[in-house]
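Below are structures written as structure tokens.
What follows is a pair of complexes built around chain A, which joins chain B in one and chain C in the other.
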Partner chain A sequence: MPWELTHEDIERIAIGAGILGTGGGGNPYRGKIRAQLNLEQGYRLTVVGLDELPDEALVVPLGGMGAPTIGMEKIGRGDEGRVAVEVLQDRLGVEVAATVPIEIGGGNSFAPIIAAAQLGLPTVDADGMGRAFPETQMISYYFDGIAPSPVVMVDSQHRTFVLEHVEETRLLERIARSICVQLGGSAMVANAPLTMARLRETCVPGTLTLAHRVGDAVMTAQQRGNDPIDAVCKVTGGQVLFTGKVTDVNRRVERGYNFGRLTLAGLDRRWGATATIELQNEYLICRVDGEIVAIVPDLITLVDSERGLPITTEVVRYGMRVTVLGIPAPPQLTTERALRYVGPQAFGYNERYVPLDKSS
Partner chain B sequence: MGMTTLKGKAMNLRLGIDVGGTNTDAVVLDEKANLLARFKSPTTPDVTSGIRNALAGLVERHPELNLGAIRYAMLGTTHCTNAILERRKLNRVGILRIGAPATLAIPPLVGWPPDLRDAIGGHYVIVEGGHEYDGREIRPLDTKAIREAAKTFRGKVDSVAVVGVFSPVDFSHEERAADILRDVLGDIPITLSHEIGSIGLLERENASILNAAVIDAARTAATGFAQALSEHGIRAEMFFSQNDGTLMALEYAIRYPILTVASGPANSIRGAAFLSGLRDAIVVDVGGTSTDVGILVNGFPRESSIAVEIGGVRTNFRMPDLISIALGGGTRIHRSLDGLRIGPDSVGYRITEEAYVFGGQTLTLSDIAVAAGLASIGDPRRVEDLDRGLVREVIDKVRRLVEDTIDRIKTSAEPMPVVLVGGGSVIVPPGLAGAAEIYRPENYDVANAIGAAIAQCSGEIERIFSLDELTREQALEMAREMARQEAIRAGAHPETVEIVDVIEVPLAYLPGNATRIRVRAAGDLALITSHS
Partner chain C sequence: MPWELTHEDIERIAIGAGILGTGGGGNPYRGKIRAQLNLEQGYRLTVVGLDELPDEALVVPLGGMGAPTIGMEKIGRGDEGRVAVEVLQDRLGVEVAATVPIEIGGGNSFAPIIAAAQLGLPTVDADGMGRAFPETQMISYYFDGIAPSPVVMVDSQHRTFVLEHVEETRLLERIARSICVQLGGSAMVANAPLTMARLRETCVPGTLTLAHRVGDAVMTAQQRGNDPIDAVCKVTGGQVLFTGKVTDVNRRVERGYNFGRLTLAGLDRRWGATATIELQNEYLICRVDGEIVAIVPDLITLVDSERGLPITTEVVRYGMRVTVLGIPAPPQLTTERALRYVGPQAFGYNERYVPLDKSS
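Let's look at the complex of A and B:
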């Protein structure tokens, strides 16, 4: 049954996707407001399950590219995604049946839903990461190494780029990123459609519903006076890595990404301890007193310690009291092949991937 | 801390005035923060005459005070807060956003309560211009469109808020827009967003709009305060208390009044900390209309980590973490066939006419407190006949409400000490669950005014550092040290100075990895620390 999102559903997905988005994937508040504005304008925001479209139906992976800090300030025009899908359809002479997120994140969960709604289409309940990552080759749809072609990029001035026959995904990413930087650091990207059959084979399934469940757990806990952080851990199988106060935010925009490191001073039971978190759009490595406690592709996410709401890399700032959560990566990301694209080495770190201790 | 009289001794005195929903309190402290004088007087509808009355009462009650020795005068006022909450006396604001075609996806005022939007008129225009993160123009500034916008604002708005995309990186478009607006509209108050906030367009825009909306309210407060002081020949430096518990000079407060709207809670938490001597506690501040529950961690109000809403509008200010409930001494008790309801309405400053114990016809929480023997105000005979069952039921409900709120603000299940302050706190019954101990310090009922009087001295620096010759850590340490020195110069005791805010905006358009660093430091007034 297609699922028509309500105001309340959008609220929940924004929180849940913000938590699963590991600090990236766009600002949850802006994503939520954009989705709700589209709803108020009469568009129907519809989500369908992986079994609700035929094998040969064409699905467009879509999302915003850029540094999260820029999205905080330079908000889009609102129709970039629709334009990108239209250009793609024209170019290929096909009709697409749906969109699908490339990643789960505060903004990028909604970008494909909004684009689809403006075209009268649904969005498939899945994504290519089960979290957020900065680059195209890190999307599970392309772990076979074959780059999507064509790829359409549209910015808020409707400046449009069609990239075709760039066979290597990393090169495609580098070219797209250079264009993105020249466009002022943000663009909407629609990748060549996948068949539904292919999508089912390569995606992380059910992640919009998962985001909804996580958001619902947080809101329900808040309403009942329970600990929202506990509730998130229960739904996601996650654990608390650290609780502390942010004492330094070293965050810069470079080559179209947010780069940097956070430093946290321990509070409560962690009094006296120090944690650092490396970030490249997303939170990638968390160390406590120098020891790695979680590393990509496992999910490292920051929530505010009272209400369990996500704190993304563009809003984190000095003095905030936060809880760092570690959530096991979905199985699609931890195969040997997948780790070549999304393991620590893919981000230039020498450390090995050691899965989160599931016993604690 | 008792009342001490130090007649005739030449000292630097501090006057603190706090305007609450029900009472306006005035206190005078000496250099060692001993309370020399205090006076409580009802808040008036125009606020200003309440300030005058409080000051006049204080002077009359304490003829021994050497008014000439008052060096600093601090005002914590609800002028601006009430204007926003009650949607009264707000300026109509013209909003000029510079950034099209970017930003069109979310227009200004989205998510605002409709009545507040109506109260400020809802006039906005989005024009082409603004900057990219690296300082390039998104589009050239559309000066013609700004001139047109100014014409549509004419006669319809009292002030203007100008918000440019990436103005914290390059504010030239905002300044050029202001010139054009002045050219067309004459001498009109203009709020430029880069002076109000940092990166985060919507939050900065909201704060700028609210700022522009309360300009007149702030001017009224400032003028009233200055007049009241001069009527008594007090020539003191005037300050407003700020949201983060520090002080702001009067001339700044008139330009950036939005930075004062949440000063009340900061004052009460700091006042409670000072009076109780506790470093970690829950503070329950009960006024006539509402109760604010905050938390004191290591001597400072715990800050809210999430976007703070003012009057239902999202902003990104630093503010104390606080839960407010509609419960106060003047809260009305409604009895009907459906049962009993407490509030949310209050008789507010009319309590001395309308409450039973003062000869009125309205049943309030204060009447219940008197009937239950918790308070002795007014004429207790007037509540003798109240149904005992009713009194018990109301007291139980109040206890549960306060206990629930305390539970919500705590981060651990362990009981914490609770400090009760505010004139209305007599309505809180003893024996709260979740409270390790309950303190009601002497002078609890003027904690806010004391909090204003002992507000912290702060220092702020903002500078562009080139990271060619310095490491980022060196630049930050330099900035922190400069801010610390500024705070000390402003009167803060060196040992108490803490860094309260660090904002860094990397400036990618300048060579050599330039970064703009803003640091704010604050500390207690030199002589107050030795006291508590």
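Let's look at the complex of A and C:
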């Protein structure tokens, strides 16, 4: 049965998507405000399950592209997603049945819901990452190596770009990113629709529901005076990797991404004295006292140590008291084929992927 | 009456377009070979005058984008222009009547003729520069500041990009150029069609005919044992600025353009001891013994001192014996409004535009 989001649902999804977003995916607070605004304007924000649309129904993967620090300041007009889907339908001469997130992480959990709502369509409860990643070829829908075509980009001034016949996803990413940089660092991107049958084969299922559950766990724990971090670990199968204070934030915008490194000083000797976390839009690799304790595609996420709320890469700053969580990647990301796109090598690291020790 | 190009016409246009191209516009030899190949394949390469199509007929400005050094090596498949015009027609739901060069310079004199021939259309005898320039906003059709929309880019693998609602021509240039860089440095670009009425208002007229006349003057002089450089000056109103030997070629690819500087040592004291010429795809400013003797938008062109044949920026090299010619810019480029787009400041120079001294 379709799920119509309420203000409270949006609140929970924002927290959960922030935690699953591993620091990226666009600011979740901004996404939340936009979603709630659409709700107030009378739009119905509807989520459907993977079994609620027929095999041949067409679903548009959609999300914002850009560096998170830029997305925070260049907030868009709010209808870019709708326009992008309309251009896509027009170009292909088809009607689409729904949208689906490219990534559940951050504000990009809401972007497809908002676009769909403005078109009177639902959004499918799934995504292409189960988290957030910085690049197009890291979306599970494209792990076969074939780029979506056409792809439509729309910015806050309704500048519109239709990219067609770019067969390699990495090249598509480079081209789209270079356009994005010229537009000032952010744009909405709608990819060629998938059939529901194909989506079911390639997606990470149920991630809007998961985000909601994670957010609900945090809020419920807060209300009851329980430890919200425990609650997150329970829902996600995650674990605490480190707890400490942010002592150094090295963050820059380069080629349309945020890159950087955080340094944390330990506040609890159980976890170690120093941690470093490297990032490209998202947190990618966490070292404690020089040893890797978690590495992409496993989820590394920062939450504030008091309330368990997510701290994304664009807002993290000196002095914050944070807990670093490690959450096992969904199985769709850890196959040999998937690791070619989302494993450590795909981000330029020499380290091998070693799954989080689930027993620790 | 439509003018059907012969092998000999193509030969002449290639020389003339090379000279008018001020070093850029794409390698004219490559353009010539491609045009002659199309002729051999049975295509009719047809040029029509500005008075041969009705006011409301739609004309597509077309040309290759890229750094000349790259265009020399990445030679394309030969049908990119046709595909770009087809995509444009499809997007707009219109039939176009003709193509027109964006620039007469270099190989870009032939690109629209080849595309039109493959579509069974003619090319209008005009262009948007009367020479070559490196950037989109330097095309006279857009001196009103309004960017063409849509613009279609197609590369040698038929990767296709439709750019729409980019209202500022300089931004359009930056976006298209950044796509071009990602594609490996060259692509064919078809701009939204103009009506013939608008084209007549904004173009530099008769430049395919002019290129033919310049080339014919060179070849005729060569055949008769006359000085081909004198012949060029007579047809173009140009003058010799310097004659010497190339002693230094500083040329690099940057942001999808060629930038650089040539140094020449004088061989005839009448003209001076040393000359330097700065370039961005095209030759922009020529100094002799430290004094500016010609500056953009006036045409600065290099020809070999023996045969009067053009030496473009991608082939110029150490040791060549060259004559530097200065040719007055067409009047369309020297209005106050035009100079905002094609004057020295538009290229980052502080120097004022001082027209070539026609009396020297």
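Just so it is clear, the second predicted complex is superposed on the first by the 356 of 360 C-alpha atoms of A that agree within 3 Å, B and C clash if a C-alpha of one lies under 4 Å from a C-alpha of the other, contacts with A are read in each partner's own complex, and residues count from 1 in each chain.
Quick note on the criterion: a residue touches a chain if its C-beta (ideal position, glycine included) is under 8 Å from a C-beta of that chain, and two chains touch if they have at least 3 such contacts.
Here the structure is a predicted model, which is why all the values come from computation and not from measurement.
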Contacts of A:T69 with chain B and chain C, given as first, second, both or neither: first
Chain B versus chain C as contact partner of A:D268, first or second or both or neither: first
Which partner reaches more residues of chain A (counting touched residues only), chain B or chain C: B
Partner chain in contact with A:N108 - chain B first, chain C second, else both or neither: neither
Touching partner for A:Q157 - first (chain B), second (chain C), both, neither: both
Touching partner for A:V249 - first (chain B), second (chain C), both, neither: first
Touched partner set for A:H165, first chain B, second chain C, both or neither: second
First, second, both or neither for A:I179, with chain B first and chain C second: second
Footprint overlap on chain A, where chain B in one structure and chain C in the other make contact: 157-158
Residues on chain B engaged by chain A in the complex (per definition of touch): 99, 101-106, 110-111, 130, 132-134, 136, 138-139, 165-166, 199-202, 302-303, 305-307, 314, 318, 321, 404, 407-408, 411-412, 472, 476, 499-504, 506, 508, 515
Chain C - residues contacting chain A, complex: 157-167, 171, 174-175, 178-179, 181-183
Touching residues on chain A, where the partner in the complex is chain B: 29-30, 33-34, 37, 67, 69-70, 72-78, 156-158, 184-185, 225, 248-253, 268, 304-307, 309, 311, 314-315, 317-322
